[in-house]
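Look for chain A in each of the two complexes below; its partner is chain B in the first and chain C in the second.
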Partner chain A sequence: MNKTQEQAWIMLFLAPFIVAISGGVFVWLFYLEGRLLMLAAFAAWCILLWILPYMFGKIPTKKSKILFDERDKLIQKRATLAGYLGFWWYIVTACIIPLWFVGPTGSITAILLPIILLGGIIMFSIIQNIATLIQYGWGGKNHE
Partner chain B sequence: MKRIQKIAMFFLVVLSFAIVLSVVAVLILYFKYDFPRAWAGLGFMGVGGFAGFARMIFKKDPGKVECDERDRGIQRRSAIAGFGAAYMVVGISTMGPFIIIGPNAPITTNWLPLIFGAAGLTNFYAWSIAILTQYGWRTKNE
Partner chain C sequence: MNKTQKVAWFQLIVIALAAIASVINSFLYMHKYGYSFTKAWWFGTIWPIIICVFLVVFATTFSKTFSKFYRKKGEILFDERDLLIQRQASRFGYAAAFVFFVASFIITSKVVGMDTLIPAYWLARFFLGGWLSMAVAHAITILVCYKFGLTNGKS
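The block that comes next holds the complex of A and B.
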């Protein structure tokens, strides 16, 4: 199993938890502490997500091995495209279903909107990682 | 001008025309019938669908190499710009009402199709502008 496959397996299970828990924490902060603290926490979370990949990139790895070639790049590109398409299918469906059931003159509570967004992020992550694993063959040795 | 530049320019023109047409229609209907009936003017956004014919109108030149490494890089960056901009619109239009009016406030369901409509429009706009910015808006930087 190569590095990308390991990452895909980890992220397949970890990403939905991270997104769901952090989303829950933001809503909790909103109710308890107000919108300012929630926005500050959200900004801190975004900065952390932006910085973390750079920090991991600085950790020395085995230099002798080529870890990422053209084929890996193509697999990553296809997986991202699959995640992107899945994300849009989900967003359109998640917006149409309430409209279908409640009707155009009805209303929903505003809490549903961030739930739709969080669902979209989770959907993107799950589809991207499954597409990566499908293309590598779920972790067989021949696909390294 | 490259084929992809022509396609991006066609996208910009058709989508802008659709937006202007819709705004004018909404305004006319507003003064005549008032809201919510005036929202029917947004139906003119359908004109933007003609942008999809761009790849049929601007056909590939036979035998010519269309895409090299630089073109692929530009197209990749443009796709990322489109996705990033659309994702930002989805983020703002979902988190905005939640933060401004509060989690328990009611919001009309008409808002929901507007979210992905605006996101789709932003995606194509950002993609077209990114293509034209990187290649140049005219023929020089081919």
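The block that comes next holds the complex of A and C.
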């Protein structure tokens, strides 16, 4: 199993919890401490998510010298496209269903928007990771 | 200039014309009939957007159907390079829609407040906005990848 597959397996189980918990914490911070602290926490979280992969990438591994080739790049691109497609259809459904139930003249609470967004990001992450694993044959063929 | 480029140019022009028509319409509703900004924007944009969606979808479907049935013998309309460009354009298009949804959902919930009631038809606006940003990013990526048709589709 190569590095991308390991990451996909880990993220498949961890990403929904990470997104849901961090989203909940941001909403909680917004209600208790106000907008400024919530934005600061969000910025810190984004910087951490941006830096962490680079930090793990610097750790030397003895498994193989080539960690990422053209095939891995193609798989990653296809998985990202699958993730975007999943996100798109989720958002379309999430926009149409409330509109269908309350009608065009009805109203919805604004808190529904971040909830829809969190669901969309979780959906994107799950589909992207499943697409990565499917393209590698779920790791059973030792990525060959 | 190949068919994909022509469709991309057509889509961009239609979207730009719809944007101009929306601005003019909204302006007329505000100054001639005395509508509020939100109401004028809603009434002013709805018809240009519907016509724009119809034309953009029609152009894509018509181009695909036309090229399938009226192809000259031995003519290659779509090769591996075109497929790569199409995939890249799709990725950029979906990424643009992703960014639009994230930005619009966060900004709206921040501006109006979390507990405020918003009209349900705003969801349709978000959906249309996401679709339009996807169409624009898709068309621009195709034109950039083909270098705006200046090289006649050759690198």
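For this structure, a couple of remarks:
Just so we're on the same page, the second predicted complex is superposed on the first by the 138 of 144 C-alpha atoms of A that agree within 3 Å, B and C clash if a C-alpha of one lies under 4 Å from a C-alpha of the other, contacts with A are read in each partner's own complex, and residues count from 1 in each chain.
One rule holds for everything that comes next: a contact is a pair of C-beta atoms (placed from the backbone, for glycine too) under 8 Å apart; a residue touches a chain by one contact, two chains touch by 3 or more.
Quick caveat, the model's predicted, so the values are computed rather than measured.
In the superposed model, A:L85 makes contact with chain C only, not with chain B.
Under the contact criterion defined above, the residues of chain A that touch both chain B in one complex and chain C in the other are 27, 30-31, 35, 84, 88, 91-92, 95-96, 98-99, 102-111, 113-114, 116-117, 120. Of all residues in chain B, those touching chain A in their complex are 83, 90-91, 93-95, 97-99, 101-110, 112-113, 115-116, 119.
Those residues of chain C that touch chain A in the complex are listed here as 87, 90-91, 94-95, 97-98, 101-102, 105-106, 108-110, 112-121, 123-124, 126-127, 130, 134.
Residues of chain A that touch chain B in their complex: 27, 30-31, 35, 38-39, 84, 88, 91-92, 95-96, 98-99, 102-111, 113-114, 116-117, 120. Of all residues in chain A, only 27, 30-31, 35, 77, 80-81, 84-85, 87-88, 91-92, 95-96, 98-99, 102-111, 113-114, 116-117, 120, 124 touch chain C in the complex they form.
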